[in-house]
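Quick one: this structure, given as structure tokens, is what I'll be asking you about.
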Amino acid sequence: MIRAAVVGATGIVGQQFLVALKGHPWIEVKSLAASERSAGQLYRDAITDKSSGAVRWFCDEAPVEEFMDLPVVNANELSTADIDVVFSAIDSGPAKILEPIYAAEVPVVSTASAFRYEDDVPILLPGVNADHARLLEAQQKRRGWKGFVTPDPNCTTIGLAITLKPIQQAFGIDSVIMTSLQAMSGAGRSPGVIGLDILDNIIPYIPGEEEKVQIETQKILGILEGDSIRPAGFAVSCTCTRVAVLEGHTESVFVSTKTPCDVASVIKAMTEYNSGLAIAGLPSAPQNLISVTTDPFRPQPRLDRDNEGGMVTTVGRVRQDTALKNGIKYMLVSHNTKMGAAKGAVLTAEMLIRDGYIA
Amino acid sequence: MIRAAVVGATGIVGQQFLVALKGHPWIEVKSLAASERSAGQLYRDAITDKSSGAVRWFCDEAPVEEFMDLPVVNANELSTADIDVVFSAIDSGPAKILEPIYAAEVPVVSTASAFRYEDDVPILLPGVNADHARLLEAQQKRRGWKGFVTPDPNCTTIGLAITLKPIQQAFGIDSVIMTSLQAMSGAGRSPGVIGLDILDNIIPYIPGEEEKVQIETQKILGILEGDSIRPAGFAVSCTCTRVAVLEGHTESVFVSTKTPCDVASVIKAMTEYNSGLAIAGLPSAPQNLISVTTDPFRPQPRLDRDNEGGMVTTVGRVRQDTALKNGIKYMLVSHNTKMGAAKGAVLTAEMLIRDGYIA
Amino acid sequence: MIRAAVVGATGIVGQQFLVALKGHPWIEVKSLAASERSAGQLYRDAITDKSSGAVRWFCDEAPVEEFMDLPVVNANELSTADIDVVFSAIDSGPAKILEPIYAAEVPVVSTASAFRYEDDVPILLPGVNADHARLLEAQQKRRGWKGFVTPDPNCTTIGLAITLKPIQQAFGIDSVIMTSLQAMSGAGRSPGVIGLDILDNIIPYIPGEEEKVQIETQKILGILEGDSIRPAGFAVSCTCTRVAVLEGHTESVFVSTKTPCDVASVIKAMTEYNSGLAIAGLPSAPQNLISVTTDPFRPQPRLDRDNEGGMVTTVGRVRQDTALKNGIKYMLVSHNTKMGAAKGAVLTAEMLIRDGYIA
Amino acid sequence: MIRAAVVGATGIVGQQFLVALKGHPWIEVKSLAASERSAGQLYRDAITDKSSGAVRWFCDEAPVEEFMDLPVVNANELSTADIDVVFSAIDSGPAKILEPIYAAEVPVVSTASAFRYEDDVPILLPGVNADHARLLEAQQKRRGWKGFVTPDPNCTTIGLAITLKPIQQAFGIDSVIMTSLQAMSGAGRSPGVIGLDILDNIIPYIPGEEEKVQIETQKILGILEGDSIRPAGFAVSCTCTRVAVLEGHTESVFVSTKTPCDVASVIKAMTEYNSGLAIAGLPSAPQNLISVTTDPFRPQPRLDRDNEGGMVTTVGRVRQDTALKNGIKYMLVSHNTKMGAAKGAVLTAEMLIRDGYIA
């Protein structure tokens, strides 16, 4: 069994890691780390408010009993001696400091954005760019680490990059225009989105999000050449908004392809992309990376986010676009805190275990 | 005073007409018409459920006392003898039948789509295409009517067409890509959007909406040549979605212009478009057709829909777009049941009164 | 295997029956019935809109493949020849007519209120008043039926009656005051609660609901004496409201008991009520009828409605009440469309199968 | 003109004070105070985020231009030299320290709870207990202050106390049971209610709220005897919950009266309570303190909260209660941040100006 530590274990993403790792066939959680405030307590106590008795557990799934009595250590003092992989669920600021310390010794799979944009760091998306994992070796060499840091993509990037991949393969891509309608869970809970701001409303701006999606999509769909990734050559332009949805990002996508395409051929490319997927057999992998529906009223975030354990991207409303050269447009729904966060990072770790990067 | 009839007076749009016409300086409501079920009752009784005493009044504004004791006549039997203008708030099906009957005698200003796509029918948008009103004369001649039918645009078209107009004037337009996040009120109440379908959710499809917006935008921004309108030559491609917002449509717009533009010049064009507006002085006109905000978190539907009585389109997040040639992108919020329905139709009537088409 | 028909199979409650009966160990669905409009089609086709391709399936769970290719028969022409039990998911109006026709031949377990208030009809609530089932024999005799009609309680009654039962047993009850905050799903979809009415709002009135809860609670907690039920002698006074919640009714309950009680003794009575429950072993039965939490921020409908498959009533905030003699107050959450509708009716059927009433 | 300072001016309640004092005929705002972070800036700048340009203005009404260019002073250093009254919109913690400092010199009207429960402090509710103002003189004497502190009631208490008053006068009260469904705005914005917690949900607990309502209601409806208030002798028992409503608290009330009452006599008592109201003529006073509707579907928070400028309590569903002796039950809606906060405090100040306590 691969021995894992979860850092940031008391926060919402940390808790999602615990849910994703419950009864995992390959990975066992050996260590939980959090901020100084929680350190020294049993996990059960660390998430319980002493004065009121309220339990601060934020997942829909029940608290995972098998981890409740593990002690929580200070993230600054985490020992990696008996650990094979660190799952990092901390914010970008502390991640910048702590992840290199862990990575000096062991692999770190992270949901933070801290290292995503560095030249020797791939943004792995299982089923899409597994070959980029080779960049981790260059990273180790360059930084003199025994481990490495491999960050997962931003939750909004994931559904977009996954659905663009078969289009890129089949027709080439000239440009991408996307408007997102993002769930509140993407903003976390500190305080995240305030109820007074979002009920009967839309917030038309998520600081930094559009830049992340634009850069990450090009990097993920780029080509690894020697020790660096040449970004995909097409432009990506986004508008990212927040809506009163709990979980599940919805995206309205318009694509201009290099060679002509039509609705049927795009649906065929997306559907066939699932067969022979290199992630088949990984414990957290969905049966399909992409599921295409012909019901014109789908995908809907509440109805489709949990498809295949929240790990599939559901596509619908594939139509010809009339404003772009070789234009195609579609909607997608992707679960931003399953495939888009902890469970997606566990899938990445599974791929790296299978391929020998984590051992 | 211009004497008006409101047809469909018991429905939500009809009630909005009553609110928009309350204490109007130029127009007095002389006649209320509705379906057979309501005919023969005082308006007050027609909107009161006999068994429970519940009042079926759907506007945020209080019921308009001055119209409460008017009798409701059967829309099939409305006499236009002492009427100068009919405001039609009925559905497209009955509008197809009833509006020509009224128009044979008097002008009809309608929120229904029934006649929008006919060659001799303009889609008037005050401040944008007032010159298209001349087509009404051709309509009268061709159909042998004393009156005419002039339908208002679809509520989703309005904010888009208004904001594209100054861009078209200043830079020319090559193509437009738009994703809408539309309020529930646009779907009415029969039953409109069901609560179970929209809470914690998005509905990614509104039947017929995208086609309406695409065609209407080209017609409104087209050129009247002789007895017909040559549509604007740019492509419009939309994805229209429904969100859990009560009122106010939000639109994410991407525009490719013919000549280069930048953020400052687009904001300047939009802002200057307001000066010397031909609708200044009309009782329902806003001070500005377009208001541009630089607060990156605006516009928001709940905070901006009621600006200037719900008659201004609020624009924000004007940014360079990187995926289109000469690309510019922005967000807009437009009140779909004020400027986008009855009050907008009253503004149209005011313009036609001023210009002598209604007398 | 018990052979069942589901009547009203295309509606939301009918679909919940299909979900509740999927892979059932004792019951197999042999026949699906619906209105004339659906009759003659395969179920799959009956719930698919021909023009748009939209699928009208309303449960969170996926459509049940094993029933998709069953033919739908006209509910007026349902043959009960090879059927052992009819599950009725139709509205009260048609139920009044159709349920006696079915009951003449076979047992009918119904979610409709049509027969709830008749003297020879019990309102069975498994785990609470199983002994009332004997009244079914009187019903058969009196009406000359081979079968019977046994309606489930109103969804709002269920959590209240279940939680009052151990209090009644331990302390006796003098009076009950309850304010409900009910989920939208309780109103169904025709059109149910309109989004425009409920967002950022509360609807303070649900016609008929308060009377139902008051009468049913007394009947369920009453005593079967000979061939009739003597209602429980305590008064029940309710205010029932609708809130913007998808599923799960929340109730604020104040009880005046006959003998003194305190928080600890009430929690003890509720908790111990679960042990040796007569429904243990029934396939749809929860492990507990009542689960008591001490987290002061619970129960919450979204977090607690799905506990134990939606079949447990979660109680929290048990506190001394200071306004009533021997007052106790608490909050409860109960899943109105699981335990409160189809799945609860299946549990009733299971109890009646075990006890020999259905065979 | 009375010269006022607003302390806590940049927070949500402070901003509501500015809205309530805009163009006030008796009071002019001379001074704005806030925390050290804002001190030394113009108000306009203090509420603008420097990096993003976002404006932190939280009221539905537009920012009040007349106050935008006032300087903000540090609340710790506020000079009361040229001030006649301080409006305090700060939290209870700092209020405990700062309000006595101000009150040593000038009257303080506060929305904080810091002093509500002290013996020499009245909780004034204009129209209900104006005579309690005499206690302010005792307070001044006892504490050696030139000014005084007069806190407004908790927002949830207000509608309850107002509607109980005419019942108390007409029939006497034995006990009160109340369940509230409270709006999110009552929790403020730091962070207040998190969107992830409240969408599709109810939070069944608001720490401290129930105790506040119980104690305050008894104090407000008590009798001033000499230098202290004898609390009303009836018991009040509450359950307070939070729902997904922006503004407007809804309360389900059950009352046991001393002498028999019926629906008509309670409605009459409430309606007649408005005539000859001692607050008539105060600039912020509503025409009625209580408005009773017979529409069974009202009051609704979204439809009724803004009645009479948010200053009236709307009552509906008055019914006989069957569980209590002489029982009556009803629903009420009260605007928690108009009558329930800043605008209510301005009304209190107006009453005290008229009666000579503030000069």
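Brief remarks on what is shown
Each chain gets a letter, A, B, C and D, in the order it is written, and its residues are counted from 1.
Definition applied: a contact is a pair of C-beta atoms (placed from the backbone, for glycine too) under 8 Å apart; a residue touches a chain by one contact, two chains touch by 3 or more.
Predicted, not measured: the structure shown is a model, and the values here were computed from it.
Shared contact partners of chain A and chain C comprise B, D. Greatest centre-to-centre distance from chain A is found for D, with centres as Cα means.
In terms of C-beta pairs in contact, the better-connected of the chain pairs B-C and A-B is A-B. Remark: chain B and chain C have CA centroids separated by 46 Å (rounded to whole angstrom).
Chain A and chain B have Cα centroids lying 42 Å from one another.
Residue numbers of chain B whose C-beta contacts span two or more other chains: 52, 199-200, 207, 244-246, 296-297, 303. On chain D, the positions that touch chain A within their shared complex are 52, 58, 184-185, 189, 191-200, 207, 244-246. Interface residues of chain A, counted against chain B in their complex, comprise 175-177, 179, 181, 200-205, 207, 214, 235-237, 239, 241, 243-246, 250, 252, 254, 256, 296-303, 316-317, 321-324, 327, 329, 331. Only residues 52-55, 60, 199-200, 294-297, 303 of chain B touch chain D when the two sit together in their complex.
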